[in-house]
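Below, subunit A partners subunit B and then partners subunit C, in two separate complexes.
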Partner chain A sequence: MNDLKSLATYLNFPVAKLSLDQKEKILVWKEKDGKTLRGLISIAKYLSRNSSHHKQFTGESIEERAAIDQWLEYRLNNIDRAHQEKDTNAFIKDINTYLEDKVYFVGHQLSLADFLLYYGLHNLIRDLTFYEKQKYMHLSRWFDNVQHAENVRQTQTLIPFQKNILYTGSAH
Partner chain B sequence: MATGTLYTYPDNFRAFKAQIAAEYSRTTIKLASFKFGETNQTPDFLSKFPLGKVPAFVTAGGDCIFESNAIAHFLGNTQLRGKNDKDASFILQWINFGDNEILPASCTWVYPCLGIVQYNKTETERAKAQVKKALSVLDNYLLTRTYLVGERITQADISVACNLLSLYKYVLDPKFVESFTNVNRWFKTLVNQPQFKKVIGDFKFCEKMAEFDAKKYQELHGKADGGKKEKKPADKPKAQPKKEKPAKKDDDEDDDDAPKKNEKDPFAPFPAGKFNMDEFKREYSNKDTLEFALPYFWKNFEKDNYSIWYCEYKYNSELAKIFMTCNLIGGFFQRVEKLRKNAFGSVWFWKGPKLAFELSPDWQIDYESYEWKKLDPTTPETKKMVEEYWSWEGDFGGKKFNQGKIFK
Partner chain C sequence: MKLYTEKGNLNTLKLLAAAEESGIKLEVIEKKHGEKVVPYLTANVLPVLEVYPGKFLFSPNSATRYILNKKSEETDADVDKWLEWESSQLQPVLHPYLVSVIGSGKPETGLLIHIQTLLKSLNGELKGKKFLSEIGLSAADFVLWGSLYPLLAGKFVLKGWEGLYPKIKTWFTAMCDLPSCQKAVTLVITNGDTASLKESLLSQPAPLPLPHLKNVEKLEKLKLDDKVKVKIEK
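Up next is the complex of A and B:
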């Protein structure tokens, strides 16, 4: 819930419209006219597409919007549902490789994909050792960059990273 | 409201540093209407910017700033300049790195590929190695970093990226930069930022490393000398027996050379006329142009024996190539030195009705890069043009003449 709250704040929507359906354990966004949306992805997309925020956040082209959707699915299916360490290791490795030649997940600016992946990965990255952070250098670089956008991080704790190479022979 | 006026020719990577900074700080700047080699040689411009170089910036308050990095600093904001002294120092470090470790090698490598200067294998190879070294340093640094200083784009990124523009455009093909993943990622992200794109447009990466282009070089430097570095003409036609007193050492160094016996005077076929070129030049150099030189000129000018021409550098219209004039215009005026006794000005005049350059192969080295228009000496338009062009330099001495690129 924290991530959608932050997203609403980031995009200047009233957080009060967000609630949790206790019975079904699903997030709900209620508009004044009674219109409701359910679930992380639909609410996130609804908010970003209705905001006056810069276009890049939602994706400028059809391809970019599709790529963002893909990463939202990825978060839901691979990150949120990972319970075992081996699942975690697999996607961390994937993401690290993916980010080697990219600053942001999609396009050349921060998008909804970065935003929600930052929230989705926060606890996991918080628990990494410095050695692991260095091992997943590209992921770390991306994460550190995103968390320094204060309007994205909001109340999340700032996670420390080392910019110097601490352990030799393990970079990349 | 505009914070000031920027003087530059189009597509100038130095001006880009400042223009992109202005995009980040959302500062509006006015672009002066500018013609390279003209605007920056007017007395007004030189009084503000004695070097006559661009980019140059006049603030709304009337302060004059030269040096691209200083202009960029002025137009930036706290994000770009660094939020504390430490960040600001690192930003300065990278700006200087770009200017000192990248730019000279970049020019050495890229300019021959554009035909601007001759190719020298040793120098090019050395430049390539320097670029490689600078890129390795950057690459290692950017492994753990998204931008050069802090987590946001600063002037360091803007300036270093601008210094890399022509490298990535002409010579850094995918194979050469293959191993510089981190620099590539960083550079690609930067040139795709809206603030960059607004200034530099859509950036096109080099696909295949450009190499020395002998043909382009010949085109730009004339066919006459087979691509060799231009030689200073050693002899002069003895068109006028009278000697100027040598006031300007640079240009007069060969004044005392005895004219070679066999050399034919290209102006010989034309009637000598009564117009005394040397006397006119003295009027022009020593007295007020408007008050004395111009009246002298029109009083003594013989329209049957002399013709007046207006010259414009052809690349002026070709935006991409305009920066070449920086390097070329000086050379051109050196080469046509021989004409000095018989011709004058940026509006020119000389003996005979024809384009003087056709008279001697020595003068043909690059006159084709210029557009020549014969002016009708009887019309008021011509009188006005002559007056405007010749009064630029007013009371110039020998030195100013050199800078003013006024040929006499």
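Up next is the complex of A and C:
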């Protein structure tokens, strides 16, 4: 829930419209006129589309918008539901490889995909050792970049990354 | 655009139907079951749409919507909602159910209870509507039609569903009547026999389980354990 609250703040929407449906364990966004949105992706996309700020945030082309959709789905179904170590290891490795030649998840600027993946990965990255952060260096580089982007981090703790190489291959 | 898939891959139905509907030509490349296509993914997911060389869409829902949007783009909140619902609520129970019934011939009835709850809500949402979104035929319809196909048609059909979910029946029949959907069925399902989906179902990675459904399973196990205890005490 913290991620959508931060997203609402980032896009200048009132956070009070957000609540959690306890029975179905799903996030709900209620507008004054009765319009209701349910689910992480649906709410996030609704807010991004209706925001007057950050036009590029939802993608600049059909291709970019489709890629953003895909990564939001990946966050919801792969990252959020990974409760076994092998599932967690798989997505960390995959994302690290994916980001090898990229600054942002999609396109050349910060998008909704970066925003929600940053929030989805925060606690996991916080618990990595410096050795692991170095091992997943592309993921770490991306994360450090996003956490320093204006207004993204908000109340999340700033995670430290080592700028110089701590461990050399021969030592391990 | 290249579409990588394998014989009898259920998720290819929605993609091919969308391509037929929008008149977009796809170069279909058949891979072996379990073969990896996306270089950065550990899992061997299929189908995969290669939008540009090296640019992959490995989510069948995102790819289906993309293909339709190439012709005329929508940014509809209802489509968002149904694609999210399908991948995050329906798939975690539908996929293992289909694996149990088509894959091993032993239907897991516990999963069926969850599927029926979802079908009931889908039926309710279709009241007074021809298609899932107010904007008309959209990715939401193709995605759900494709996923539900082996449950609502063919050898492994859910008995009596038409009577329980009349609104789904009207919608599903209309979808099956579309030439684009008929073409997709002939391309994916050999001789219209849904048993031909088996190999692919067994080789594709299963969606990760929903946490609150895990708890339900635990509860069911607990109840079973209690019964065992009672028997011992007697």
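In the analysis below, the second predicted complex is superposed on the first by the 168 of 172 C-alpha atoms of A that agree within 3 Å, B and C clash if a C-alpha of one lies under 4 Å from a C-alpha of the other, contacts with A are read in each partner's own complex, and residues count from 1 in each chain.
What we mean here is this: contacts are C-beta pairs under 8 Å (C-beta built on N, C-alpha and C of every residue); 3 or more make two chains touch, one makes a residue touch a chain.
Just so it is clear, the structure is predicted and the values come from calculations on it, not from any experiment.
Model built by superposing both complexes on subunit A: subunit B and subunit C fit together without a clash.
Put subunit B and subunit C next to each other and count what each touches on subunit A; the higher total goes to C. When the shared chain is aligned, subunit C comes close enough to touch A:K45, but subunit B does not. After overlaying the two complexes on the shared chain, residue contacts for A:K163 are found with subunit B alone; subunit C is out of touch. When both complexes are overlaid on chain A, the residue A:D144 reaches subunit B alone and has no touch with subunit C.
Put simply, if you stand at the Cα centre of subunit A and look at the Cα centres of subunit B and subunit C, the angle between them is 120 degrees to the nearest 10.
Contacts of A:D33 after superposition on the shared chain: neither subunit B nor subunit C is touched.
When the two structures are aligned on the shared chain, A:E85 is found in touch with neither subunit B nor subunit C. When the two complexes are overlaid on their common chain A, residue A:A67 makes contact with subunit C while staying clear of subunit B. Taking all C-alpha atoms of subunit B against all those of subunit C in the superposed arrangement, the shortest distance found is 15 Å.
Once both structures are placed on chain A, subunit A residues 100 are touched by subunit B and, in the other complex, by subunit C.
Those residues of subunit C whose C-beta lies close enough to touch subunit A in the complex are 39-43, 51-52, 55, 57-59, 61-63, 65-66, 69-70, 73, 75, 77, 80-81, 83-85, 87-88, 91-92, 207-212. Residues 143-147, 150-152, 181, 184-186, 188-189, 192-194 of subunit B are the ones touching subunit A in the complex.
Taken together, the subunit A residues at the contact with subunit C in this complex read 25, 37-42, 45-46, 49, 62-63, 65-67, 69-70, 73-74, 76-78, 81-83, 87, 90, 93-94, 97-98, 100. Touching subunit B in their complex are the following residues of subunit A: 56, 100-104, 107-109, 137, 140-142, 144-145, 148-149, 161-165, 171.
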